[in-house]
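Below are two complexes that have subunit A in common, paired first with subunit B and then with subunit C.
Moving on to the complex of A and B:
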């Protein structure tokens, strides 16, 4: 059994599953057909759900048509509250990027420091243990209150939620570098800074990148919720705005896109991880 | 000599002859005071008149000389000649803007409901730009967020529920920050919607144990629903459950059977009917005809740091409100505010709300042109009523100086002045008595009013 045929068969199963899912979805959301009789004058004032017994849940065809509409013009701008999906996603990615980058800048040096010093590691441990499990959205009211700016608050929330996995993984990676390698470096009288960059960093890199990969996933999860709260721009705002209009079709499209972008972000980090992984 | 009399009148008596010294005779004085409340046919005409008078006076500062000139050429010729070499049109435009706004680019927050109609429509229909402002109207997720963003100065002014500025100024549910209301957005325009399965339970006495949603604790919706229930012998604190739910989630919750009904702002009520999940039990108008709902609010700080911007903003809102109050404009407004950039709702729904011809959810079509109406004047008696209800339901503990708070937050005097300048006819008093479900409210005796209710929270 070759791997290529396995891949082929897995692909076929995937497609079959998708087709089955879409089929069931389509059947489940067909019009029920039971419609109360109403005067035409009254019917004109009512929605399709009430007049044609149309399911409140859109079918795959509705979603597909709407998705095509969005994809055809992703960057339109009709004013501050109505922008294309491309622009909304851009805002979200920019926010995630900023908060995440700040977290990288803080977590990795700090992680090195903690990992290389047993004293700091013990001293900071209780703080990290308490702060780590806090839901990032719980920070939101506090951030809004103190920072007094909703978009910076959103970035802060991304920062605070993506810092912990990176920090812990960096600490773990740095602390568990093989003692032999450090000892060799010591015998060769390599300085601390040089030791950190030439021995520990390459050795700990795969663990650090795993932490970064976990973080980006969390950051992307959180941005949607944060934007739903503060509003204005971003894919989370788009979901909220369409929810406001009870447009489930657009909400489903947004869900789909959030998934795709999340997967892409994860794949990018996965590729980096593979680049720094080494065989022992 | 006043700037209000007509300098183009050659027969004008130059000796003052009335009590205030501004008019030629006591009769004319009376006429003028009465006339001040009549709207002039158009704003442009009105401003034009004022500007032309000012120019005429500037050219002939001597009354006698001006009179001689007018007598020899006639008033209309004089005006025509004047406009030949003086850009009256431009001067009028400049005058209409009055003081230059300190800040032209403003952000105004709103919640996507039809109560915000004047705030929203002022953008697509150009009321802000007419008053020299460049305003971004920004959709906001909920009342708490709009409050925080306005307090944080991300918004210069915002759409708020009418009791919110009172609550914020008093420090209820937020830090006490002085806020002010220059204009009420809408009157009426809310409704009690029940799930379709309750269509035979129209008597509120049968509602014990039901769950109702309201948009916010400090809302007219909360007070009106509580009032309505209490008048029917239901204690809103013990007999039913009231939940604070963001309006868009109300329809979904009603469909999912999580709540039995709600007193919500429109378009949410009509949306529930449109989607076939509920019916209109009662318009809020039937509880209190002419009740305020939402307000246009700004912090005192904004008003003092940018008084001209604030005045221009208020003018734009008052202007838009006056436009929205005309039935013939409502269809156009519905179309202007329906897109995703604004309310983001089907036009059919908005039209039903604004025109007042609507499906009631039980198979009938009803018509009530006053289902929602727009009247900008911030009656201080409205504020006093809201404070009595805050007191009644235990939101305010201890004593409150009703009148002082109402007068500090509801800027009736300033708005009256502004409306008069705009040629509208504001009421002379800031207090009026009104009836809520047949019970008269006397704004002069708030404490007695609170005490007169049998059902209220023991304080």
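Moving on to the complex of A and C:
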């Protein structure tokens, strides 16, 4: 079997599975007609759920219609509790971007130093081992207390959660550069800085990028929870707000978009990883 | 010795062993090479050949003793001493040209790109890789990779070349071609070369002098065998030379038996005056370093053993 035909068949199976899922979802949530006779006032109070057997769970058509509405106007702003999904996602992506970028700026140079120095590596190991398993959200109260700004606190939480995979992978990548490549640089009398950029960085880049890819995934997971806590703006806050509004349709749409954005972020990093990977 | 371009003076290498003891790979090792000389080291695995080469390269420091190159004690690596690694050690993210150019730009830091590229290209052409400049190491065969390693080493026009079993991972045909090329290049450029090999015929074909090392730990340089074959020897008619088998048998005898027993059989071995073996028709002369004949021997018997 050729790979193209395998991909074609896999695509067909994917579409069939999606269709089956949407079909079951539709059937499970469709209206079942009038279920009980009741006085008109009571029926009005109870809404469609009781009077027409309509499920409280929105069906795929409801979600689709609402999604279309959102996609048509992604950037409207009607005050703090009613903003377009594009704006909410924009806030989340900006926070993730800032926290992540700060983490890159700290983790990669620090990882280089630790990876190149066995002394630093041993000395800092206990700190890293203790700090690494702390849930990033546990830092939130401390961040809110010291920083006193909810948005910056969210950025700090992103920073702290995305730093560890990058730091550890950089240390590992730098420390495990093949000795013979280092020896090539040594026999050519290449100085430490040039060696770091021309041998260690390219050799460790695939490992570092793998760490960065893990980090962006974690950062995107954490931002939703962090925004639920700090409130105000962002896709996490949107989910929480729509839950308070009992708009399950909007919650489902947000879940879908969180997944899509997460996938896109991962794909971007995967592309960078491929760019620096070298065949041996 | 008058013409000591490289002089290894009493080096030792020790590693901390189990429970505080130290393991001595070798100690009190003396060895010298003249300018333009091609020397091969033969010895069993683990006797410390790579360690000696790494010390010569400056990649490793001896526990005792010094290495003097061109009148100066070495400290660390130098662009004067190029290394051809057994595993070729090419940077896989660089192309053939990129690998050679990296060495060139490391030696001549002020050169512009065009000049570095032109210089690198000369050496790529020299090893017969014209047309493959833009390939990555992963797209090359083992022999081609080793050619890039040779081009990289030669491109910095070193004073000497250090080679650690450079051809051992190659098939016989490729090995032969590369031996021819290394020999041609070394003769043309007057390179001083120090090469580790397991292949007796390779040593006979390439070397002016062959260093025989006993088994480790506590390895010693047992003999320096001078190659009696003419400088313009050809690889194909090597075995027709009247002294070829005497030389070959001498080395193989050493590897098979004497490398194990040498230390016990030769208690008065003086590491500072390692016997130089001249193989000459009809007999074989063992002379001390002062060139006074000590022992004459006819092919067929064993010089180091009384029995």
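Definition applied: the second predicted complex is superposed on the first by the 275 of 280 C-alpha atoms of A that agree within 3 Å, B and C clash if a C-alpha of one lies under 4 Å from a C-alpha of the other, contacts with A are read in each partner's own complex, and residues count from 1 in each chain.
Simple rule for what comes next: contacts are C-beta pairs under 8 Å (C-beta built on N, C-alpha and C of every residue); 3 or more make two chains touch, one makes a residue touch a chain.
Since we're looking at a predicted model, the values are computed, not measured.
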Joint occupancy of subunit A by subunit B and subunit C, clash or fit: fit
Partner chain in contact with A:199 - subunit B first, subunit C second, else both or neither: second
First, second, both or neither for A:172, with subunit B first and subunit C second: neither
First (subunit B), second (subunit C), both or neither touched by A:245: first
Which of subunit B and subunit C A:150 touches, first, second, both or neither: first
Which of subunit B and subunit C A:188 touches, first, second, both or neither: second
From subunit A, separation angle of subunit B and subunit C (C-alpha centres, steps of 10 degrees): 150
Gap in Å between nearest CA atoms once subunit C and subunit B share a frame through chain A: 51
Subunit A residues touching subunit B - in the complex, by the definition given at the top: 36, 38-39, 41-42, 44-47, 49-50, 56, 78-82, 144-145, 148-150, 228-232, 240-246
Subunit C-facing residues of subunit A, complex: 178, 180-181, 183-184, 186-190, 198-199, 202-203, 276, 278-280
Interfacial residue positions of subunit B with respect to subunit A in the complex: 112, 123, 136-141, 145, 148-149, 152-154, 248-249, 251-252, 255, 271, 273-276, 339-342, 344-346, 348, 352, 357-359, 363-365
Subunit A contact footprint on subunit C (complex, rising order): 57-59, 76-79, 81-83, 85, 87, 89, 91-93, 102-103, 106-107, 136-138, 156
